[in-house]
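Next come two complexes, and both contain chain A; in the first it sits with chain B, in the second with chain C.
Showing the complex of A and B:
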C-alpha cells in the first residue's frame, strides 16, 4: 500500500468523520440531556436525505436551499416525535424511550419506503473535477461538505459554551433535579435539544446524500458506527463525540484498504467492545457519566 | 386449509419459543436484548451446517442450543456490569455483525445464496403431512416443557433474585448478591431458547439465508412480549398469537385494499410494528396482561 493511497483514505475519512460528527453530536446530546440512546437518529438522517431529494424535485435545485429546507423539515420531525413520544416518556425508565425510539425509526423508514419505494435516488450536485496534488486528490465538493459540517459544529459549541441557553442545557445534563429546582425550564431546554437533533441529523443526511446514494437504509446502517464513535469519545460528551467520530472515520477508511469495506459494521462492533473493556467511560467521559 | 393451519401453528410455536427466551431476559430480568435474532441465526446455521455434514438431528439441535448460550456469555460479561443501554447497543451490533459475517463468509454459509435442502425433522415419517404433524406435536411438547421450567424458575430463589434485579438492582447488590452473574445466566438461558427456535426454523423451512435474520425479526418478538405483557407467561402466549395473526392477516390485506404493491405491503407491516412499539410503550406500558408483581415502570 503506497502512502498516496493512504493519504487519500485519510482525507476521505476526515470528510466522512466530520459530517457524521453532526448526528454523533445529536446522539451524545440526547444521551447527556434526555438520558437515553436515540436509535432513531439514523433514520432522521435518512429522512433529511429524502427531504433533500424532494426539495430538488419540486422546489429548487440550489444546494443551499435544499440543505436548509431538508434540515428544517427534519427539525420539525424531531420536534413532533419529542412532543408526542419522548415528552410523555420523560418520567419513565430510559428503556421506554429507547424502545420507543426504535419504533420511531421503523415508522420513519417505512413511511419513506411506502411513498418513495426501495430504489435509490441521487441529490444533484454540480460535477466538479478533483484537484490533483501529485496523486493526492481533493474534491471541492468534499471541502464544501467538510466546511459546512465544521461551521455547524462550531455553532453548537458556541451555543453550548457562550450563551445562557447553553449553560442551562449543560446544567440539565449535569443534574436535572438541581437544574429544575434552580428555576431552569426543562421544557425550553428540551425543545432546543430536539431542534438541534433534527437539524443536525437532517443536515448530516443531506451531506451524506450528496457524497453517496440516497436509499432507505442510509442512516440505519450508520447507526452502529455513530454509536461506536460516541462511546469511544465518551457517552454524553460533545467534544468526545466529534473527536471520536473523526478518529473513527479516518481509521475506518484506512482499515478498509486492508480488510475490505464489507466489514465496517463488524469493525464498529469490535471498537465498542474494546472501548467498554478498556476504558468504559470513553476518551473524554467522566466516570460518573457511566451509569 | 389443513396444511395451512398446521403451517401456521408451527410458526406460532417457533415464535413462542423465541418469545419465551426474550421474556426471560426482558420481562423477568430486565435485560434489553436488541440482537435476539442473532441467537436465532446461530441456532439455525449451526444445526443446518452440522446436519448437512451428516450429524444426527438431536445432536445438531443440542449444539445449536448450546452454541447460542455460549456466544451470549462474553456479551454478558462485557456489558452487564454497565447500564442496560449498553447491552442494547452491543446486542444490536452483535446481530448486525453476525449477519455481515453470514453474508461474507461463503466457504461456511454460502453467503447471500443461503443454504438449501436442509433435512426436515421427521422426513422419513410417512409423507410430509404427517411429518409436519409430528413436528407440531414435538414443538408443542417443547413449548409446554419450557413454560413448566419457566414457572419453576420464576418461583425459585433464582427467579426471585432476577425479578428483584429488574425492579431494583441497587437493593440486590446491597444484599450481597452479584447482579452481573445472575444477569449473565439469564442472558445465556434466554439465548439458548433463541438458538433452539432457530434450529426448529432451519429444519422446518429447509432453506436459510442471511436476509431471514434482519433486526426486524428481533422487534417482531419484542412487540409480541410487550403487547402481551412482558412479565407473564400468559402474556407470551397471547402476544405471540396477536403477532402471528397480524403477520398472517396482513397477507390477506392486499385482497381487500387495491393498489398496494408487495413492496408497499412490506412497508405497511414495518410501519404497523413501529407504531405498535411506540403506542404500547406510551399508552399500555404493562401490556395487555399486566404483571402484578412488578412495580410500575
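Showing the complex of A and C:
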C-alpha cells in the first residue's frame, strides 16, 4: 500500500473523527455531570440536520445562518426534554434516565418521520473539486467541516477550563453533593449542560448532513460508534471523547485499506479492545474507587 | 350421587347436540356468501425501503378497491391486513408471523427487499400461502421449492447482465465495482462481473462496502485506484448520493452505471447536471404504452397527487394478478391452487386484458386471458420470475430521459 493512499485514509478518518467528536463530547459531558449515557444524542443530531433542511427551505440558504439556527433549535429541544423528563428523573437510578433517553430518541425520530417522511433530504452546500497535493487530496468541504468542529470543540474546552461556570460544572461532575453544599446551583449547571449538548449535537447533525444525506436514521446509526469512542477515551473525559473518536475514525479508514471494506468497523472495534486491554479505564479515564 | 352424574351426562349430551346444531347452522350461513379473502400487505414503510413502501401500500389499496368494487374475485372480497417490515428481516419475520398466525392471511403482497423475502419465505411456504415481491436476489428462485413465490421485478441476475451489455456496447474497457453489502446488491455486482469476464474483459477493483456510514471516501479511493473508465454502483439512494458527492469532489473523471432505483430524478436534483450527466441508470421499463399502466397512473395520482414509482406499479399488479387467479381457481380454492393458476392468467396465449373486470368477464365465459400489467407484460418463468424489458436512462440537462429499450435473450 503506497503512503499517499494511507495519508488520504488518515485525512478522511480525521475529518469523520472530528465531526463525530461533537456528539461524543455531548455524550461524555452528560455522563460526567448527569451520570447516565444519553441515547437520545444521535436523534438530537438528526433533529439538527432536519432543522437545517427546514432553515434552508424557509429562512436562508446561507450555511452559516443554517448551522446557527439549526444548532439553536436543537439546543432548545434538549432543554425542553431536560425540563420535561430528565429533571424529574435526576434523583432516580441512572438506568431510569437511560431508558427515558431511549424513549426520547424514538419520540424525536418518529415525529421527524411523521412530518418529513422517509425520503432522504439534502442540505445545499456547494460541491467543490478537491485540492490535489500530488495525490494527497483535501476536500474543501471537509476542511470547513473539520475547522468548524475544531472551533466548537475549542470553545467548549475554553468554557470548561477557563470560566467560573466551567469550574462549577467540573465541580458538579466530581461530586454533586459537595458542589451543592458549597453553594453551586445544580439547576444552572444542568441548564448549561443541556444547552451545550443540544448545540453540539445539532451542529454535529448539520455538518454530517452536509457531508452525507439527511435521513431519519442519520444519528441513531452512529450511536454505537459514538458510545464506543467515548468508552475508548475514558467515560466522562471530554478530551478522551475527542481523542477516542479521532482514533476510532482513523483506525477504521486505515483498516479498510488492508481488509475488505465491509469489515472496517470490526477492525476499529478491535483497536478499541486492544486499548482497553492495556488501559481498562480508557485513554484518559480515571480509576474511581467504589465504596 | 349416581343419579346426579347421569343427569349431568344427559345435560351434557343435550348441550353438545345444541352446540353441534348451532355450528352446523352457522356453517350453512357461511356457505351462502363467499368468504372474504384475507390479504396481507408486508411493506417497507420505514428503513431503507421507506422511499417506496408507502407508495406500494397505496397501490395495493387502489387495486384492492377496484376488485372489491367489482364484486370481488370469484365473489370473494379482499380484506387487508398491513404490516411494516422496516426493511429489516428480523422485523419482517415478526410481522409475517402475525399476518400468518393471527390474521390468517392467504397471500402476502408488496415485499420489497430480498432480505425480507428470504427471511419470510420459510414461514409463508410452510403455511402454504403465496407471496409476491419486487426482489432481485437470484437465490430466491432456488429456495422456493413450492412454486409459491412470485417476483414482479427483474432478478439481479438479469440486471447485472444488462449492466455488462450496456457497458460493452458503449465501448468501456476498464470497469470497477462498488456494491452495497447485501445479498441483492452483491449478486447484481457478481453477475455483472461474470458476464463481463465471460466476454473476455477484466474488472479492476471489486469493492463490497458496509452501509450506513458518514463517508465512503476510502472505499471510493480504492475503487478508483485502477483508474476505471466506468464504475458499477450497485446500491441504494442514500449511499449513492453520498458516494457521488464525494466522487465529484475527488476530481475523478469516469462514468457510472447504477440500477434505476438508486439514482432517481430527486437524486439528480440534489447533485446537479455536472454529476448526473455522468450516470446511466437501468430499470424495468414500466409498460408505459400499456393500458393498465395509464389507468393505474391516473388512479394513483387521484389518490396521492403524485406520480407512482416503478415499484408501486408492481404492487398494483400483484393484487390484480392474485384476483384474476382467484377468479379462475374458484371461491373455495386453497392458496396453493390459486398459485397454480397465476401463469394461466398472465402468460400468453390468451386474450390480452389490462383490468380485473375485463379479465374476470372473459374468464367467466371460459376464455383464456393474458394479463398485461402496469409494471410489465408479466410472463412468469419456471421459477416465478419475470423477464421484463429494460430501459437504459441517462440525464439530459439534469432530466431523466429514456435512451433505449433492451431485451435480454433468455
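Here is the rule we go by: the second predicted complex is superposed on the first by the 267 of 291 C-alpha atoms of A that agree within 3 Å, B and C clash if a C-alpha of one lies under 4 Å from a C-alpha of the other, contacts with A are read in each partner's own complex, and residues count from 1 in each chain.
Heads up, the rule we're going with is that contacts are C-beta pairs under 8 Å (C-beta built on N, C-alpha and C of every residue); 3 or more make two chains touch, one makes a residue touch a chain.
Please read these numbers as outputs of a predicted model, since none were measured by experiment.
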| request: Return first, second, both or neither, reflecting whether A:19 touches chain B, chain C, both chains, or no partner chain. | output: second
| task | Report for A:224: first if it touches chain B alone, second if chain C alone, otherwise both or neither. | result | first
| said: In the overlaid three-chain picture, which partner chain does A:170 touch, first (chain B) or second (chain C), both, or neither? | reply: neither
| So, does A:262 touch the first partner chain B, the second partner chain C, both, or neither? | both
| said: Once chain A of both complexes is superposed, is A:122 in touch with chain B (first), chain C (second), both, or neither? | reply: second
| message | Contacts for A:253 in the overlay, against chain B (first) and chain C (second): which applies, first, second, both or neither? | response | second
| task | Scan A:37 for contacts with chain B and chain C and give back first, second, both or neither. | result | first
| field | Partner chain(s) touched by A:100 [first = chain B, second = chain C, both, neither] | value | first
| Which of the two partners, first being chain B and second being chain C, lies in contact with A:87: first, second, both, or neither? | neither
| For chain A, what residues appear in both contact lists, the one with chain B and the one with chain C? | 113, 117-118, 262-263, 265
| query | Can you list the chain B residues touching chain A in their complex? | reply | 30, 32, 34, 78-79, 82-86, 88-90, 92-94, 96-97, 100-101, 103-104, 216, 219, 222, 226, 263-264, 266-271, 273-278, 281-282, 285, 297
| request: Spell out the part of chain C that touches chain A in their complex, as residue ranges. | output: 45-47, 50-51, 53-54, 181, 207-210, 212, 214-215, 217-219, 221-222, 225, 237-238, 241-242, 245-246, 248-251, 266, 270-272, 275
| query | Contact residues on chain A for chain B in the complex? | reply | 36-37, 39, 85, 88-89, 92-96, 98-100, 102-111, 113-114, 117-118, 223-224, 227-228, 231, 262-263, 265-266, 268-269, 272-273, 276-277, 280, 290-291
| note | Interface with chain C, chain A side, in the complex: residues 5, 8-9, 12-13, 15-16, 19-20, 113, 117-120, 122, 127-130, 132, 137, 139-141, 208, 211-213, 215-217, 221-222, 253, 256-257, 260-265
